[in-house]
Amino acid sequence: DDAFCLGGQTFNSRLLTGTGKFASREIIAPMLEGCGSEMITVALRRVDGDAGAKNILSYIPKGVTLLPNTSGARTAEEAVRIARIARAAGCGDFIKIEVITEMKYLMPDNYETLNATKTLAAEGFKVLPYIMPDLTLAHRLQDAGAAAVMPLGSPIGSNRGIKMEEMIRIIIESMDIPVIVDAGIGRPSQAAQAMEMGADAVLVNTAIATSADPVMAARAFAMGVAAGRMAFCADMAAQTNQAQASSPLTGFLRETA
Amino acid sequence: DDAFCLGGQTFNSRLLTGTGKFASREIIAPMLEGCGSEMITVALRRVDGDAGAKNILSYIPKGVTLLPNTSGARTAEEAVRIARIARAAGCGDFIKIEVITEMKYLMPDNYETLNATKTLAAEGFKVLPYIMPDLTLAHRLQDAGAAAVMPLGSPIGSNRGIKMEEMIRIIIESMDIPVIVDAGIGRPSQAAQAMEMGADAVLVNTAIATSADPVMAARAFAMGVAAGRMAFCADMAAQTNQAQASSPLTGFLRETA
Amino acid sequence: DDAFCLGGQTFNSRLLTGTGKFASREIIAPMLEGCGSEMITVALRRVDGDAGAKNILSYIPKGVTLLPNTSGARTAEEAVRIARIARAAGCGDFIKIEVITEMKYLMPDNYETLNATKTLAAEGFKVLPYIMPDLTLAHRLQDAGAAAVMPLGSPIGSNRGIKMEEMIRIIIESMDIPVIVDAGIGRPSQAAQAMEMGADAVLVNTAIATSADPVMAARAFAMGVAAGRMAFCADMAAQTNQAQASSPLTGFLRETA
Amino acid sequence: DDAFCLGGQTFNSRLLTGTGKFASREIIAPMLEGCGSEMITVALRRVDGDAGAKNILSYIPKGVTLLPNTSGARTAEEAVRIARIARAAGCGDFIKIEVITEMKYLMPDNYETLNATKTLAAEGFKVLPYIMPDLTLAHRLQDAGAAAVMPLGSPIGSNRGIKMEEMIRIIIESMDIPVIVDAGIGRPSQAAQAMEMGADAVLVNTAIATSADPVMAARAFAMGVAAGRMAFCADMAAQTNQAQASSPLTGFLRETA
């Protein structure tokens, strides 16, 4: 009854996962099963792979929705072409736009991403643009028909958490479409924090894939996401500057002695 | 297989709860059931109550371990007397030492708390002192026979989280006995953070009791605690300053076009 | 000998100020004198003002460089027109591009700002674009001929400091042109922090103008800027996780007693 | 007119410095002159030194008040003995109590420090106890006649800044005697922050002494301290969650076009 609706499809899990960086692809299926993630991102390059190599898609259980990404694209045009190839290859209508032109910190290129989103949304794709948190751009993406926005929490793979908290909080407050925090989430506490802030979902890949025990790590993130979501729904009290006793402090010993 | 051993007793849950501030005591039992907490703190004042009023203990399900606290004590001597009364009243051997002499921020009095701990540990109590985070004092409490130390995260009831992170981290690293973060934890993400830092358990009362839905809030905290503990056990990667791609970035379109 | 070069001009002060929000315009001159700021931003609207009203420019001492801004612009085209009017009015070649289309948090519109920068830099303006921190965009602005970039620290007028620290740090590290932190700096400590991070300058307006004593506040910010810059130049040691005694700890009393 | 009164003596500078860790003692005098510090801490061990070696005191200009410390003491008794020796040796009435029994993080021992303070204050010393931030203890030290309290910002020599902010803020708010933040301050911005929080002074040693240019670093800290103090006195506006424009945003171009 707290389902998450994205691109017209309903999900029970608010944890999106990824296929990159796993020591072995055999871990992907138990990882997904353990954490209940219902949507997983995959790079098209991995989809078509080399001849002879087993396709990455064969490691993903039925029932898990694919979120192909445009990793490797450096322009809107390239992203559009990758998206079309992915759909033609049977990967479905969802597409995560990743356009990266800055190669040290791997920051998303908001400008090219907006252009790709305009084109692909008009072609009926369910577009999830991965962006540098920027409120004005997020409004434009929403107007262009994006199914959600995916602001980064901190540089990808850094495990640094929600360093862009100020801006993500403002984006969450301002958007009508879902906000999915993507990149930089390295601990379940950080995933919980994103959900407590009101994010609709989070995407975690590196922190799970590089953990000593990816299946346990994925379960931990799923629990962190669920905990944060429940806290958001339970409407917890605000922070105060003042202490408030939880036990009675009037000293009965003094009174009765 | 990741049980938590405290005072010679084994617990599956690492979430300790409290009985204060609930709008209705009828909520305590479903709250405990929902979150699986196996230890709950109770003020002795509430235990003996007024004649005619139903005793607080009657609201706590069998199987949940009582942690009577010395709330209201302003000296070591008073704390010792409350502890003895609690044990004589059948509340068991566990005792949470709370001695507060500073009435604005309700900060624990480390000096009196150490003295009470010495006396009560020598009398066979399983002593859990609630303290201002102080590494030297924590060593003394350990030497005095405390079963654990309970440093505060931030002022009680403030929901401000682990504001004393620096010192709590050092205490966790240095202690042989369990460290239970108590006071100030207002969100599941903060509970998860404490566990990721290596705390053995957390105690949450105000944030659960004052939530719009205490049963859901308690479950959220239980999941946060479990998520943080699993992350700690899964040995997640450290933070880095550098971005690391999770998808391949070499642009296959450029190569093949 | 640590002069700050901006747009081909050399400045001794790394504190830029503004003309907005002062209770009385008479304070601007002593404010500037007290803090030594050599560049001040002014909205064109205030420049031409109402007929009969004294022009804002008459309150600014000779020798202080004007930085007219394009406040009020909602498109690149409007910003370009304002810039041209300002130059024609004798305000000089410097122009701060402010294009804001999101009216709740008053966030800069990076897209329109880039377009205005391209046009104005080509016309010989010394362009200082005020932006949402975004590394990819900052590179584009540099390529377009901007004289500097002005990433915001936090929402304008919020006094919240360097909330975008992660991204500003990366921009500072990556740019060849000066980086001036603008908006949100509410305390001298925050101005010092920006300088310690390696920013070339900061712009402070609201925190000075709304202080109970703007002249003293401006001096405080000037000192904070200078302190942070000197710390940056003095190459201070990094943070460590380990304590290091500054006094000898071997107990001579024990040895000699 | 904003003088700092400590132990009945008046100081113009709110930056206390130290003599430890300098590459050469010859730097101490220009360091003091450059930053205007009027009080410097010195370990007694360094005072009496080895026969033949030049006494550390000979490097400290006349007019600078000595603050001998009890570094090396592991008990109150040892601290008391060192203090008496220091006074007998002509170092004056000021004494900084440092009792450290925990040798990894070099945390002050609040319990022994309180005992030493009681004894020495009764003997007419002007006692400055270096403590783990603890509000209850700070009240006891004030009651015992301490001239000030010196809570640590973070572990000594770590350059980590005001990690204990929450507790230091509460101590500042609650004390009648001066509060001097000591240990861990590694940047001028952190010194400014302490002063903005309302601290009366800060003590900086390691960050100055280990800088590539100690004289410039000391000046930078002095400016940071002065900036923070002025900001405190100028009564700056509080942080807000809302943006507030500093320039007029009504688009005059639209109106007039």
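To keep things simple, chains are lettered A, B, C and D as they appear, and every chain counts its residues starting from 1.
Going forward, contacts are C-beta pairs under 8 Å (C-beta built on N, C-alpha and C of every residue); 3 or more make two chains touch, one makes a residue touch a chain.
Not measured: the values here are computed from a predicted model.
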Centroid distance [mean C-alpha coordinates] between chain D and chain A, Å: 45
Computed distance of Cα centres, chain C from chain A, in Å: 34
Overlap residues in chain A, where contacts from two or more other chains coincide: 104-105, 107, 155, 160
Overall pattern in which the protein chains touch one another (line/ring/star/complete/other): ring
Chains grouped in pairs wherever the two touch, ordered by label: A-B, A-C, B-D, C-D
Sites on chain A touched by chain C in the complex: 101-102, 104-105, 107-111, 114, 132, 134-137, 139-140, 154-155, 160, 163-167, 170, 174
Complex interface listing, chain B residues touching chain A: 18, 20-21, 41, 43-46, 69, 71-74, 78, 81-82, 98, 100, 103-107, 155-160, 186-190, 192-193, 196, 205-207, 209-214, 216-217, 219-224, 226-228, 230-231, 233-254
